[in-house]
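This structure is in structure tokens; I'll ask about it shortly.
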């Protein structure tokens, strides 16, 4: 079923399992959708399911009724998505961040290689904790990470982060805290980070959405360092956020939509978005630059190696990274 | 050492919002109002604190606005539960629901964001440094550098104790809970005391909310009260409203919360460590019930 | 009786009017909003079927709360009981393999067992240690939440999934659909009828009601208070647990994060709005399900954000209950004034 | 005194309780300065309502009140108190957790500039009032620990502390012992002589005649008449109250008692910290015999009932009914042998919000198989309704239908339902705890007849009553409880109220 010969789509739905406002993943996707609306003049809607499983099916149904192109972040309703995609082969389903394959193979999946950027985040943290010339960095080779939950996506971040740090010095110890699903409790995020700093970590990577803002604030309070996630958070606490691991969902959405618009879209693909494709990245520039140029150069060199393929990053494969 | 100090400081900051909300609930508890709206009041307070602080650049105005915001919920509570005599439980549930919806809506409407609003222009409540105490090892590190609102909470505990047990206001307040008919026939309308208790609860929850969003962290997040209002309710019921007991339970809760996080480093799955505060509450309840049984049989 | 229905209707209308004012103030068109709300919840085959289906996890915990409260048992543990029921049904569905005619009832029973056991914990703590079931059930809700979260991330996780969830249960345990109607609504109807029957016709139900109204009287009258407390606790736990099982068997067929959402707690609220009446709980459950289901359409068509529907629900709850009580006194006072006038002449 | 100037006039007062109870039907009455004015009437006659209207606790639908020559309208008790009118309620409303002085000063507390209560001064002020009126009260005692009579005094003091001129007392004697009543009356007389006006509500006609200057009689919401106490008699008052003649003498016919039905052996109840509530009780109640239990409240009656009913476990001793040892039976098992009329209708005897039939079938639903269907799983509602209709008819209950909510019945009718329910249980032993407390003459008479009827049927009756007159009217034998001990077991023919009164108060007969 070739959709490329069809007329131009008029309506687009962005369907997410959670809710906007994470300052990160979902919001980045929303920005892409807004850009599509502006650039191509299509009508767009966002449907939020607020993690309520009962809403998944009706939302999907409403989206199919309403739109020609549906971008979904499908954690939790992969099964229904397959069903609907089979039922409506003329609609375009683009699934973001996971890989879903229906029997008619019409769903396009966008898969982010978050290991690449998280690896670099680990490199940044590893280099920083060894560099005692940076203010307040202690000689202990300890860094930390705070995750919102212990799900596979967070685990993938943690996995690559640890690999990145250990690639600098295998003696570096990575302390981990998970908030047990309290993604919105920034006070808890802060407390977890404070504990890590008290345990002598000097850099903490947050993978915890709204709760993670608390991690950044903990860094300021202890005059130590944090790494942001998903969007560029370096200037949220200037001088204390030394890097951000960026996931550019919006870019992926815009790319796919552009292909649809140009008629080059192929259904049923799995599009890999690593650093080379502009899907994920590490951001180091900041108002107040803490990292010495040497570290920045070193990270940028590794980044280039990943882009040109000379450095392969190990992908997460369901290992238990939480000890 | 550092970990221990961190744990104690974590305990104090974890306890503060719960303590403030629970003290507020203590007033309504003694006045015989079944008030479960602390959760909503905390959340509303947290929102308005950020609103005020962000626009005026003054944390004080933020705190005042937080109190006004929480008081607004108190007024609705009074209108329905005291004036119109609507079931108090229903009123509380509806207000909690209302608070979540309304703050989320205003967040989007006023700050054009969803989820979290965090901005350097939000002025935090200052921390109080005690130059003298600072030099004492260990104790100094705990005493000095606490956020102002922590001291306010401590003060509020003592003040609440004094108000409830020593003053005319307290005598009447407790009378409203023990036997409203008596209070009515002695010429003081018990409904007035119930309304006053709700106002007191609004003020304290406003303070607690401002600690959440301007104290411990410096941002507003949807639903950032995260169940603390419910915990405060449990604290109140556990100690029959006694302000000192409430302080103790709040600290216990703050401690076990931090302990739960700490335990993660020791191979316990995070979901189980997250249960620690709730299990601690159950254990506290066990001892409380056992003591009550002993007292009853004695 | 007619008065009761009238009061409920007046309350709903007043609340909707108030909601309309709120919408107007925020610059939305109330008519279009309500139109969208009800078009996406009631008027149409699929919307109506969805409203019915979404009512299941509201009505069952609602019944549970209504029966408990009316019996003087403060079981607020429906959220925890619901997810434990869901977990039991899921685990059963993962490991059992029976023909559908057996599998479905077995899973339903398992889910009831899950809720029953979780409520049983609270009941035992109350019975033997005198720990108030009010706090215990609230705490057990939190604990159940974390426990099920652990269960779906560790022992029962689907290794192929990207977020914490179990694999799908055996298809023999899937609730069949009739067109758009999910057969889980049959379980709901049956539960309403059965619960009503037990509560209003059984001897035990009679004792529960009287105990809820005056426990000392019931005790002196020879009712076994402790046994009744246990029975109510277990039965209401089973009802809430069943809701969880049905959600799994009729919905995603697996336990995924966010499965319980806020349903059970909303159910408790509905029971109180319904003044613990069983039939009223059922009707209000449908009503609130319609509001929640329709909110989606509201968002899609008029782009009124869904937090407005939360505010609207809060207004509905408050106004329905307040106006019910206000109208009752109003009607009585009017009758009293009429009587007084007669007496004077 | 009967010629004093008018202080209060209530004119054409109409009060309807929603939806349709016509509690006051065009009542006009006047009260004079410095008199003791009693108001008598059957239950539900509207006495309390009339006083509540005056006191501002409830609002009349029409009519006016003239106080000291001015029309007044009190919207709440505070206003009435400010104007000098105070009321002690029928149900004592004190705060048991508070001390005597805290209860008294509540609402007018002396405070310092911080709002802190000035305990010293408050206690002293209360002490002064206590001494001034010679009340003999400890201001620091907690109310939950003092006797009923003392609580009554606290109520009165509360009003005196506020310097009221008019004292309204709603049935203050209902809970007092014979010895306490004269003391109260002396206090009231002293107050009257000091210039206070006292409005006094009671059912007990001889008291009223003794105490009052004038008496107003009410019936069914209407005022019948106001008469000077000196110009009327008990018989006449009773006739005005119920609208017919009432007989005050016993109709108990002599009847030889049968074999023992209830046997209590060495029954003791000791609390954990050693306080003895019941001390080695031994007695029996025989078939066809009414045994009255006299005693000042709080001397073990409550615990006796609790141990007989199985609410509390005795520390030692045994209880037999017809030689069956029921000491370790649970409540339901005991209910096969015991009919029980509790003292507090609303708390122990019925559910007020339930429909009448649900209250009427309690206990029967477990004991009588005809209430069961489906192997005892289902309640046979049709039979339950029939049963209730029969009960309504046989016990002259006035009720609109078996489905009417119990609370809509008047107090007397509620009590008839409970008595009827219990007597229909057909058990050999009947335990009555204050069976006519707070009932009017008519209902009391009816219930007394029922009690005598079951005696005639040969059932054994144990009756606890705070009303000595009732005990002497009905009992064959009188037990006196004093500090948990049985200090008297006297055939009624061989004793008199004075002797029983001394036993109640002192535990022994005064030698003087």
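Labels for the chains are A, B, C and D, by order of writing; each one numbers its residues from 1.
Rule of thumb we're sticking to: a residue touches a chain if its C-beta (ideal position, glycine included) is under 8 Å from a C-beta of that chain, and two chains touch if they have at least 3 such contacts.
On a predicted model such as this, the values are computed, not experimentally measured, just so you know.
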Most remote chain, CA-based centroid, reference being subunit C: D
Distance from the mean Cα position of subunit D to that of subunit B, given in whole angstrom: 46
Distance between the centres, which are taken as Cα means, of subunit C and subunit A, whole angstrom: 36
Averaged-CA centre spacing for the pair subunit D and subunit A, given as whole angstrom: 75
Two or more partner chains touched - positions in subunit C: 146, 149, 153
Contacts with two or more other chains, residues of subunit B listed in rising order: 269, 271, 274
Where subunit D touches two or more other chains at once, by residue number: none
Chains touching one another, given as label pairs in label order: A-B, A-C, B-C, B-D, C-D
Of all residues in subunit D, those that touch subunit B in their complex: 57, 76-78, 81-82, 87, 89, 93-98, 102-103, 106-109, 111, 114-117, 158, 271-273
Subunit C residues within the subunit B interface of the complex: 26, 125, 129-132, 134-136, 138-140, 142-143, 146-147, 149-150, 153-154, 268-269, 272-273, 305, 307-311, 313-315, 317-318, 321-322, 325-326
For the subunit C and subunit D complex, residues of the former touching the latter: 201-206, 209-210, 213-214, 216-224, 329, 331-333, 335-337, 339-340, 343-344
Residue numbers on subunit B that touch subunit D, as the complex places them: 162-163, 166-169, 171-172, 174-175, 178-179, 181-189, 297-298
Sites on subunit C touched by subunit A in the complex: 40, 46, 50, 54, 57, 146, 149, 153, 159, 161-165, 168, 247, 251-254, 256-259, 261-263, 293, 296-297, 299-300, 303, 306
